[in-house]
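Here the chain labels run A, B, C and D in written order, and each chain numbers its own residues starting at 1.
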Amino acid sequence: MSRIGVFICHCGENISRTVDVERVAAQVGNMPGVAFATDYKYMCSDPGQTLLKKTIQEQKLSHVVVAACSPRMHEKTFRKAVESAGLNPFLCEMANIREHCSWVHENREEATVKAIEIVGMMVERVKKNRVLPAITVPVTKRSLVIGGGIAGIQAALDIADCGHEVILVEREPSIGGHMAQLSETFPTLDCSQCIMTPKMVDVANHPKIKLYTFSEIELVEGYIGNFQVTIKKKARSVDEDTCTGCGVCMTKCPQKKIPNKFDQNIGMRTAIYVPFPQAVPNTPVIDRDNCTWFKSGKCGVCQKVCGPGAVDFEQQDRLIVEAVGAIVVATGFDLYTIDEKPKGSPIKGYGEFGHGKIPDVIDGMTFERLASASGPTGGRILRPSDGKEPKQIVFIQCIGSRAREKGISYCSKVCCMYTAKHTMLYHHKVHDGQAYVFFMDARTPGKSYDEFWRRSIEEEEAVYIRGMVSRLYQKGDKIVVMGSDIAVGVQVEIEADMVVLATAVMPQKGADTLAQKLGISYDKYHFYSEAHAKLRPVECATAGIYLAGACQGPKDIPETVSQASAAAAKVMTLFSKDKMEREPIVARVREAGCVGCFACKKVCAYGAVEEKEIRDRQGNLIKVVAYVNPGVCGGCGTCQATCPSKSVELDGYTDEQIVAMIEAL
Amino acid sequence: MDARVKKKKMILSQGTMDVDFVRKVEALSDTSVRRCFQCGKCSAGCPMATFMEHPPNRVVRLLQLGQWRRILEGRSIWYCASCETCSTRCPNKVHLASIMDALRKLSWDAEGPSKESYVQLANKLFLQNIRSYGRQYEMRLAAVFNVKSGQFLKDLSLGPKLLAKGKLKMFHSKNRNLSEIGKIFTRIEEMRKNGEAL
Amino acid sequence: MKKLLNYAYYPGCSLHASAGEYDLSTRELFKALKIGLTEVPDWFCCGATPAHNVDELLSLSLCAKNLELAEKVEGDLAVACAACFSRLKFTQHTLEENATKRKQVEKAIDAPVKLDGKVKHLLEILAGDLGLERLAASVNKPLAGLKVACYYGCLLTRPTDVPNLDCTEAPTIMERVIEAVGAETVAWSHRLECCGANFTLSRPGVVIQLTNAILDSAKAAGADCIMVGCPLCHGNLDIRQKEIEGVYKTNYNLPVFYLTQLVGLSVGLGSGKLGLDAMIVSPMPLLKEKGLL
Amino acid sequence: MHTDKPKHAFEPKIIAFVCTWCTYAGADLAGTSRMQYPANVRVLKFPCTGRIDPVFILKAFQQGADGVLVSGCHPGDCHYIAGNFHARRRFAAFRKLLEFVGVDLDRLQFSWVSAAEGGKWVEVVTDLTEKVRAMGPMTEFKELALEEQWSGAITTPELKEAYNSI
């Protein structure tokens, strides 16, 4: 027989003004199983809690109901108090007679009757409450960082500097990401390479960082603190340990006209190559699609000239399994390119801008490569078509972005600033040229950002024209830009030598596939979703997985670095304990009843349901049942409502508890 | 202003954006037109904006693009009352009232092409009065204005009332500095001829 | 009779013509307050709005020459007209800031520019140099019960940094002066709006529209009369009032006083010394009703 | 303030099944904003609408509820990623069943109320209460409940006759 204690709070006058608390206490005191009922001015106050603890011990209470405010307010408070009095915290429930009763009803009689019923429901419920022991899971103090751009590099360095091992996986042959492609960075015009390459070298030399480049995530299993990750290390055809990075192979390779993706395809590379001179690791990779040896079995010059004998045509892809406790996803972004319309892209295309067929209509990243001192033109702004210096250059913002119907609805966030930067770089390099920018709004919320934008106009003489461009077309060697100036209210026409489009920041291609492997959610554009937009911006809803950088949404460098460090801090918080505790509201399978239909597995958003084989003593398989991994379970209870044989139960919200409440009505 | 000019497409290039003219305006007005980011506050507070075909913000915008002809072909600058509201409230310290002065000056030099001849006429007569008499005599100013503008009956009813109240002086008193005033006018004319002043 | 203060006086063209009562009441008031006022000999027109409108250099030169003339008279320069005040202050400000323009002006007037002299509007003298306490002490006939709408117009306060008379957007100097002599002031919306100024000659239609909004606002705020410190504003509000009433089919009947007329009334000056009969909208019924005449 | 409202002839009993993250918080917000609504509703908190088994709804009707409200996070806002989608699909099918059994579907309402929508909570509860009040008491399931509790004793002549004819 339970001995339930019920405590009715006045909340000053907040409850007692409308609810006759004494009458509630008197009535509830007569309910079966209730051993003690009282009312008190402020239950959450120190004396209120002391009263609660003292009564539990004196009255030998088995369960507690506190009728007061919303459990969202003080459930933790009272459960802690109950625990300190020696009861399991989950034997305490709150009845909400403030937010759901005294504050929303004026009629004293109605409110009092309702309060009695609410308390009665909770009394019946608490009778069915079970002792729930805390769940602890072990934590593997190694982490995986996916993506070797500035976000991944920062997160990896921060975690590794704290002494925890980091596995850094990068898809491309070198780390560096998009930031390594940039010429200079706003709003200070620091050379991107100058601030980026030292960090890349730090990664390469860090004793706690294990770097896998030219590698991809194949499979992720496990849960917070206990992930097993399978990494596919693609065949580089060059042995990383043997190669000295002398570069002779690249100078001798006869295939020299392969467009270099790193240079936005305006520069050329060889078939055996490093994407850029400062690559980390500085080990070349053979592009097997374009290599003569792999195409025809002839050539092999690189192998012949390689002193240390590092070139290995037989190298195969390898699968590596690593155990980690936390994962930082830092896969970055991709840019919309107007010359392609990938299947499933939300952007409908820009035929009016020539679909990428006008050679001197380029995108912002291509301009970065042109402006970069280490780029294909050595930092000179030259037209791709004829190599001439453009004297009239037009920049157009919001290509794809902020175009709900034509493109994507969000703002790409960085284009306003990098376009302002482009006009400055252009003005510095082509003194007698004129830059024009067509824009809708200038969005410059950042430290020293608006000042930077204004400088491009007031000092660097860029002509900003508010209004979008309708169409571009080739006329002789000029590109006619048909726009409008909405401040003046007339059409504007410019014969430009070159046009630069600020194309939309998009998620990486394949972001959805990786998300499915990781079991994290993403939005309709395939940007990864944070657990809470404001209060948990670097965590995924899936425990143990954190987000850094533009994979979560468009971001500039300072924001990306901040988020990467924040993600690293979250990893370190997790790693600060050997075992982690979690609220024991998890689903539990009654194996005897489970028929192994796995309807629960289908509906589980967390991938917490596993298949478990039940064998007899001889090892014969009797049946396969569901098993809910308590480390992974999110505690939503969808499995329970779905289970046809009622063989899975969510602790804290069992059918018994809920039916008891309904029956109390 | 000719509606076709107002709506005419702008062809922008280094050739069509008259930077020299803009520099003149900036020198005369002591203000930078590039500072303007087109917030529209000047037009929002301008008491005369409803009478202008280019509201004040658009005047600055056209200057930014070196399209001064579009401004001078209109009458906006002649409707500015010099109330200084725009300059006072501008978040970027664009001294628009001074820009208007500069534009009127440059338009005056170019003998138009503004169509707002009444204001121009009034200004011309006013300055002539200073040169001839040293001071302003409203009666004379108004009378000559009405004759020259062909509005003989304008404000006719006000005349006798003002006369009766002693508000219209018929005779000028002699100013001993008159020759000095004449010299100032002449010196300025000479400085301009010699390119020493705008 | 010992003078408390002494000023050079620049009346400006209007005060010698259409705003004669402003000139008269200024001289009489200052006499009554024992403040010396010596008219700058052979001053000439500051150029007003038309000059700077089309020829800033001319405007600056005319003002610079007048400032030079004023140097010959003892005391700071007292200015009654808001337009002259604005131009003289503008000239000082511009020539202080811009060396090129200063050189040009020096060449035009063939003399070094002198910027040391202080240019003061009458309001500054009453509220500042004389002081509100001393002003209040001179009152013989407090303007009790008279509700005054103080109208600043454009040029007394704008732009920021140039006239430096009072706060640009929320000035109180007129209210402080007139309250010191016992009047009530009303809070109203249009005390800083433009009346159309010198368009009264070339574009009277514009002036009628703008001035009507001002009269309407003052009336709605419960004012008995309007007080101004600018002959141009006065011209539009007073001389054109009947015409506006006709156009808008309304009846304002708001006498428009110069500040010196009202202050003069409070120190006990009679109608003749204040030129009250020169006002188009007669103030007599109002003043009689309030027992001030 | 505490004036007694005019009594209605019939005060329906409304049971609300809500998720803790959105609708429960929305109802809390209605409280902190001191909005007023009829006192007929009793709230049962679940972690997620995904946890709500249709059986609970039947049970509620059996226990004398005259109306049932199910409410959770807006689609896409689920704290547990997708629980509300499962709930939506489940209840779409369940409504057909209820209709087949003969329950007036107007007695059962589904809605999305977010943690920020205190006003919407008030509106939904008030509307449902008034709607059910107009419909009158729910009788169908109360009879079923009585049948379920039947002791097996053949006490009436009708039953006896029926029993004998088997």
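Going forward, contacts are C-beta pairs under 8 Å (C-beta built on N, C-alpha and C of every residue); 3 or more make two chains touch, one makes a residue touch a chain.
Quick caveat, the model's predicted, so the values are computed rather than measured.
Enquirer: More C-beta contacts across A-B or across A-D?
Expert: Between A-B and A-D, the larger count of C-beta pairs in contact belongs to A-D.
Enquirer: What is the distance in Å between the mean C-alpha positions of subunit A and subunit B?
Expert: About 60 Å separates the centre of subunit A from that of subunit B.
Enquirer: Rounded to a whole Å, what is the gap between the Cα centroids of subunit A and subunit D?
Expert: Roughly 38 Å, centre to centre.
Enquirer: How big is the gap, in whole Å, between where the Cα atoms of subunit A centre and where those of subunit C centre?
Expert: 67
Enquirer: Just give me the whole-number Å value for how far the CA centre of subunit C lies from that of subunit D.
Expert: 77
Enquirer: Could you tell me which residues belong to subunit C and also touch two or more other chains?
Expert: Expected reply: no residues.
Enquirer: Does the chain-touch network form a line, ring, star, complete graph or other?
Expert: line
Enquirer: Looking at the whole structure, which two-chain pairs count as touching?
Expert: Listed by label, chains in contact pair as A-B, A-D, B-C.
Enquirer: Help me check something: in the complex, which residues belonging to subunit B touch subunit A?
Expert: Contacts found on subunit B: 6-14, 17, 32, 34-35, 37-38, 57-58, 61-62, 64-65, 67, 70.
Enquirer: Contact residues on subunit B for subunit C in the complex?
Expert: Going by the criterion above, the answer is residues 27-28, 30, 47-48, 51, 79, 81-85, 87-89, 95, 97-98, 100-102, 104-105, 108, 118-123, 126-127, 129-130, 134-139, 141-142, 145, 149, 154-155, 157-158, 161-162, 165-169, 173, 175-178, 180-181, 183-185, 187-188, 191, 196-198.
Enquirer: What residues on subunit D touch subunit A, complex-wise?
Expert: Its residues touching subunit A are 1-5, 13, 15, 20, 24-25, 27-28, 30-32, 34-37, 39, 42-48, 50-56, 59-60, 63-65, 78-83, 86-87, 90, 122.
Enquirer: Would you pull the subunit A residues touching subunit D in the complex into a rising list?
Expert: Per the stated touch rule, the residues are 18, 70-72, 96, 98-101, 103-111, 113-114, 117-118, 121, 521, 541, 585, 603, 605-606, 634-638, 640-642, 650, 653, 655, 658-659, 661-663, 665.
Enquirer: Which positions of subunit C touch subunit B when the two form their complex?
Expert: 13-14, 16-20, 41-45, 47-58, 61-62, 65, 69, 94, 97-98, 100-101, 104, 107-110, 154-155, 158-160, 168-169, 193-194, 196-199, 201-204, 206, 210, 239-240, 243, 277-280
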